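Pasting in a structure now, in structure tokens, and then I'll have a few things to ask.
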Amino acid sequence: QTVRIGNQGDALSMDPHSLNESLQLSVTGNVYEPLVTRGKELQLEPALATSWKQTSPNVWRFELRKGVTFHDGKPFTADDVLFSFARGSGDGSDMKSYTNDIKEVRKIDAHTVEFETKAPFPILPGVLSFFYIMSKQWSEENQATRPVDRRKGVENAASFRANGTGPFRLRERQPGVKSSFVRNGNYWGKIEGNVVNVEYTPIGNDSTRVAALLSGQVDVMEPVPVQDVARVNASGKAKVLQGPELRWIFLGMDQKRDELLNSSVKGKNPFKDKRVRQAFYQAIDINGIQKTVMRGAATPAALLVGPGINGFDPAMNTRLPYDTEAAKKLLAEAGYPNGFEVGMNCPNDRYVNDGAICQAVAANLARIGVKVNLQVETKGTYFPKVLKRDTSFYLLGWSPSTYDAHNVLNALIRCVDDKGSGQFNLGAYCNPKVDELTLKIQSETDQAKRNAMIKEAFTLHSNDVGHLPLHQQALAWGVANNVQLTQRADNQMPFRYISVR
Amino acid sequence: MIAFVRRWLDSDVGHSFRTSPTAMVAAAIAFVCLFCAVFAPWVAPHNPFDLATLELSNARLPPAWSEGGVSQFLLGTDDQGRDILSALIYGARISLAVGLASVVLSVVIGVAFGLLAGFLGGWVDAFLMRLCDVMLSFPAILVALLIAGVGRALFPDAHDSLAFGVLILSITLTGWVQYARTVRGSTMVERNKEYVQAARVTGVAPLRIMRRHVLPNVMGPVLVLATIQVATAIITEATLSFLGVGAPPTSPSLGTLIRVGNDYLFSGEWWITIFPGAMLVLIALSVNLLGDWLRDALNPRLR
Amino acid sequence: MLSQEGLPESQASLVRATDLAKTFDVSAPWLNRVLERQPRQLLRAVDGVSFDIPRGETLALVGESGCGKSTVARLLVGLYEPTRGGFEFDGQDAHAAFKTPGGRQLRRRIQMIFQDPYASLNPRWVVEDIIAEPLREHGIEIEPVALRARVDALLHSVGLSPHDRVKYPHQFSGGQRQRISIARALATQPEFLVCDEPTSALDVSVQAQVLNIMKDLQRERGLTYLFISHNLAVVRHVSDRVGVMYLGRLVELAPKHTLFDSPRHPYTRMLLDAIPKMHDTGKARTPVSGEVPNPLNPPSGCAFNPRCPHVNERCRNERPVLQTIGGVRVACHAVEEGRI
Amino acid sequence: MSLLQVKNLVVEFPHRRGTLRALDDISFDIAPGEILGVVGESGAGKSLTGASIIGLLEPPGRVASGEILLEGRRIDNLPFDEMRKVRGRQIGAIFQDPLTSLNPLYSVGRQLIETITTHLPVNQSEARKRAIQLLRDTGIPAAEQRIDHFPHQFSGGMRQRVVIALALAAEPQLIVADEPTTALDVSIQAQIITLLKTICKDRGAAVMLITHDMGVIAETCDRVAVMYAGRIAEIGPVHEVINHPAHPYTAGLMACIPDMSVDRERLHQIDGAMPRLNAIPAGCAYNPRCDRVFDRCHAERPDLMPAGVTRAACWLHAGSSAAQILAQGVAA
Amino acid sequence: MFAFILRRLAQAVVVMVSVTLIAFMLFQYVGDPVVFLLGQDATPEQIRELRVDLGLDQPFVVQFWHFLVNAVQGEFGLSLRQGAKVSRLIGERLPATLELALVAGVMALALGIPMGVYAALKRGSFTSQLFMTISLLGVSLPTFLIGILLILVFAVQLGWFPSFGRGDVVQLGWWSSGLLTAKGWLHITLPAITLAIFQLTLIMRLVRAEMLEVLRTDYIKFARARGLTNRAVHFGHALKNTLVPVMTITGLQLGGLIAFAIITETVFQWPGMGLLFIQAVTFADIPVMAAYLCLIALIFVVINLIVDLLYFAVDPRLRADKAGGH
């Protein structure tokens, strides 16, 4: 059984440590495995580790699975784990954020390892679910002991070839063109689906990708542009599998500068006034956006996290009402009865219909008198700009890589410092109380206490209207009628769930 | 004015115009497009740039005559609830403006360089022609892509006007080469003609000769080329928009409209892309036909 | 010897060319020359030509295509810099003067009429502008009404009507265009007119009109002409003295009647023989044998030697110089030796 | 019998403001082996006459009426392919500019052989032999080598010899030579004219020599036709026309030519210019410039009528023969 | 001729160095690759480090110099994005683009020349007018629209041709060819048509214009006067002379084909260099962009050199210095 998959992008490399990006991890995750993985509902499941427990606040012990072999036939041992973590935290690795909190990995015996963290670290197993284990021997034999070293211009065998323990082996790879995978006959576990061969093709252009599905050139494709969902469903050849994605779209506002970069308001920053922020919030017709721009493929959100994320509480997830009049009033109270002019930055090829969302928002804001000078551009120029915080008003999407609310608090909400806190808090929202909580949450091991603190932090943030949450994006996979698969909310597509009739 | 038109219609070129139905139809279409574009605020039923009037609930309405259409939106609406007809008219305005502006700029640069190279010869010529070679080995789209990127980076807060500036500049940068080459060629022929030498014998300064004698006599082919280049520029702009570096979606050109509409080709909302596409083809075709006709009409050997 | 002979005339001479030479570098590009081991290629278009023209007279230059006639003309009006030698105009070193600001004055006094009546007028200018250009350029007349009057007068003097002022050149016949050219040349009231084949593109009937006008103007204004042509009949009609050129050199220079009645140089004789005789119809001419040699690689000795019936060893080796023999100036060993 | 007969040939150019008559009722004939000169001012219609005979009028020009007969066979209305066989085979042509008449991309040999094999039933090697012979006959030294050279490797005079060889390749009976020497040097002109003359004498071909150089006509031709504004003004033996012109235009033309044997302060000059085709005056086309014009010249158009030995289209010679009266009757 | 080639090569080097220089100046602005190289959780420290490691903190002149020195040794470094040797990436993509351009070029020439000849010979006839007008559509429709419409009609609706990709390729040494399998031909058809349409129009119009020009020359008139058949005149004499100037423009156009391939490759997901470049642009992958531009300049220069050499072969006048002078 062969399944042909078309995707918007491609894994840039087969090296599991070279890039911390979800598509790359999704592809390499079929060949390599972590110690702990996530199941269909994102629950943690044993993978190369059969069990784990916290032996002291700072120490975790993992029992490794026995009898596992790499694709080249070599057995999997604790040495491979040690090697992989050394590799992943060394030069050229992009996985350091997963290993930063680990102080040391120790080998207890051939199938037991111990992790010592720098501070109490309650969510370590979850964090490790994207850290894949490589073979020490193979890497050494193939000069792949380090992730690619661009400085020296030295290529890395692991970029093109792969030797993991996963359910599929890499058979052939042409970067950006095609990658073929074949089922691993010696896999330690059970493979749910019946697929034997997988052909993975990147197809960047939306129309072409839809055409490929409709003309039967691919069996699975991802994502389906929202406007084509109906067409695919109506084609009789394929249907669209839709479901919520672990990605929240929101708007941020510069709350730090004393004068906005590009605005008609001089001498002060209107976004420092909560009333203005709230006016913006209430001016956005989120249901309209959901209905027309997203064609239903989105769930309006009141927080920057949602179901599936550790620490989320549905009770908090209520938006302020859409109310143009109230918004106008707030604006007038804040001293802008006639609105003002402000620049807005927006990518047009990063999130689902991102450009259109911004346009709709701009139209919404126009109704309360705010003139938005929208600048929509490709992600290539958008991100460098907003990351320098050269923006007053921007759109961003976030998917917490640890499936934990702390990640969001730390990256998006915490006050900005130069050590990486609030790194994506591009509008520099800052509430010291939230910061305090964030720090505590990081090392709190009591789950209930921790959740309460998360809730408190989010409440503070919501009351401040620190960001303008929009919605949770939806996944849309086009699947031919003869294919069955499981859609995971983190947009990972493990081949082992795919069956072909 | 009327007398002028009458005299023109009576001239050879005018006659060939009157006897060529294609030319007349093309001119009529071009004129209508130009008229609509220039007077867009008065001609268009809505103002698509006025965000406050957009209503998301009006999004993606089909043309008035088909089921579900609303007479208020003759050609339907796009995904933002913008009236397609108005967007078309404003889009044509932007496309034409970009096309004309970049062609005018290319002509100015190209003709100036061509004249200098052809008239002065020597190392000036060699240098300018190598420059042309360099420009030519950068295919137009590549240059435009790079320039657009640079422009955006240099003017990070670029609003629409600056985005257009970047667009025009990038089309100009590759466009001038053709004019420079053409003009250089004709200048080299022209400068050896006896009327130029007569002026030199009289003691007229070289720059003056270039401007007053040579320039008017090398403009013929430039004119024809320019006509056709307008169409090419409009298409290039559309292509750049397709690649995502063209006119901003808030003030869309025809190219941007097509690119946006492109996403709706499969979803059955054909009007979002077909109308701008048809408009673009209509403009480009009529301008091309005019250029074509002009080329033949101005070529005495074909008369 | 040259100067001795020239002296008595020099007082009256308006134009005096001394050893005028123009060499064009037509070498292949440097790289080619290096790789293909080619020498520099120099084309001696004009190679040491001396003559003088008394005020009010016409000197004609004749010769085959490529012998350097036009180059001489262009040297005289300052379109080319001479490689060697120079020419004096009214006692003044002209080429030095052309370069000074005062040279404009000189440009006023020397004008040129070109061969092709179609190419010598800017097709996009109306006649009025064409004729007024030199007037404006030299600041002779700037005021519009007076300027217009001047243009009308000029048009009148070449037999055109003031109504033609607003027409474009293409609305005129060849002969009329040539008259416009003449009017333009006359605008600055020059003393010396260089005419490079002014009638060779014209029909005989039109040629007659143009030649007549030129003669009339000479009579009225005392103009001095350098008249270039390859039509000996025309030359005979207009000139006072005739210079015969061959491959960049003067081979014979003599008063018109002397030259036509008793040509000395074999090449001159050949040219005269080549003129079809109109009135004794059916009589074949004796065609000249051979072709014009390649100017890049001229024969050694006398350039004419490969085609000359009187050639001898000396002709092949030694280049004859122009010298006065029997009252005319001729460059030929055979004449010098009295062989012909 | 004459080789070529042109009867009342009219050539027209349809134009947006009516039709231009570029050749208006031209009649003449050429006997085998005869050299007929055609002179006239630029635009008089000389080239058009030649082009009509070889059937290469450029559209939109067309033969509107009249006939052209070659050896008694009408050739002006032949189908394209028939006419093609006449061209080159029976009527050869030579044009003014020898440089542009030859295709620069092919060797002269190829062009010669191509012409020969198109018309004559010979194979390649024979054709090549003939080609070499032709080049030799036209006075090209070392013909065996030069046959493989390209046109740009020949000098102007040599090129014109090649062109003549090409025109003669299939041994035509008539050669239309349109200003064959105008582009050449004075000294080369004589060579080419002599060559043309002797070659045609040797092969018995007739020549229609178009030129505006009276001198060339004088020494080469048997008869001469003087054209003016699309009409023949005078036609007759060359000696007569030159020495005793019957038409005032011919006389004027002769007087315009500077004469080597007499000194004149001013040349005789015909004022004005030949009328444009769209402004040909009624009656005799020459009437505005004629110094012997009288009423009839304005009113009626003269046909060719005997005037001494020649025939001239001038009312001055009217009534000198019965034929004229007849013609008058028709015209009236 | 040797000197000529040498001079062209020298010029080519100048052109290419200038191209890369300009390209490098522009690269400063197209985006920041570091943002894409590190994931969202990277620390500022890491970002700074990477920037230094990649040499992106150095002035562009220095970066350019390093690039140049490496490029001369045929080494373009590693793709920032893919971590693979740029030379390898481009080498893998080159065959696809060249085959596409070749097929499209052949298509454009094979149709464009006959159509142009026809339009010139039958000037004014209905068919030729039709050709002229319809061909204008080719330059009035943006390439991407043509491509998408072709996909819509022929791939989705009719299902005759595949909508994307190259199909099966056969590996011939390092060259992968799609032209040896039936499937490969099916795959190349739509993209090649898309790419060819624009060129076809240009070539057709050029041939027509040149042919009309040539048909008016004296040697064509003289050839007719010699009684040559129409075939010999039109195809023996006129066509060959027409093709001499057409060659130059076609040479330039072939360069254009490769540039236009960017759009076509994007639309058809054709795994060629254009696609690589576009991806590189979005990710500011400077080594890939630089190498691509160099290669394009090189191809352009090579094509022009070939065209110039063809001139020597076709036009005897240019061989004058060798053969002439007898």
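Letters A, B, C, D and E mark the chains in the order given here, with residues in each chain numbered from 1 onward.
The rule is simple: contacts are C-beta pairs under 8 Å (C-beta built on N, C-alpha and C of every residue); 3 or more make two chains touch, one makes a residue touch a chain.
Keep in mind that this is a model prediction, so the values were computed, not measured.
The set of chains in contact with subunit B as well as subunit C comprises E. Identification of common neighbours of subunit A and subunit B yields E. Here the chain pair with the top count of touching C-beta pairs is A-E. Separating the CA-averaged centres of subunit B and subunit E is a span of 24 Å.
The mean-CA centres of subunit C and subunit E are about 54 angstrom from one another, to the nearest whole unit. Separating the CA-averaged centres of subunit A and subunit E is a span of 39 Å.
Residue positions of subunit A with contacts to 2 or more other chains are 207, 211, 214, 349, 378, 380-381. Among all residues of subunit B, those that touch two or more other chains are 149, 152-153, 262, 265-266. In subunit C, no residue touches two or more other chains. Of all possible chain pairs, those that touch are A-B, A-E, B-C, B-E, C-D, C-E, D-E. Across the interface of their complex, subunit B is touched by residues 11, 14-16, 18-19, 22-23, 26, 28-31, 129, 132-133, 136-137, 139-145, 148, 152, 156, 212-213, 216, 252, 255-256, 258-260, 262-263, 266, 277-278, 281, 293, 296-297, 300-301 of subunit E. Every residue of subunit B that touches subunit C in the complex is listed here, in rising order: 193-195, 197-204, 213, 216-217. Those residues of subunit A that touch subunit B in the complex are listed here as 206-207, 210-211, 214, 225, 227-228, 230-231, 261-262, 285, 288-289, 291-293, 343, 348-349, 355-356, 359-360, 362-363, 365-367, 371-378, 380-381, 385, 390. Subunit C makes touch with subunit B in their complex at residues 74, 77-79, 103-104, 107-108, 110-112, 114-116, 119-124, 133-134, 137-138, 181, 184, 188. Put simply, subunit B touches subunit E in their complex at residues 22, 130, 133-134, 136-142, 145-147, 149-150, 152-154, 231-232, 235, 238-239, 242-243, 255, 258-259, 262, 265-266, 277, 280-281, 284-285, 288-289, 292, 301-302.
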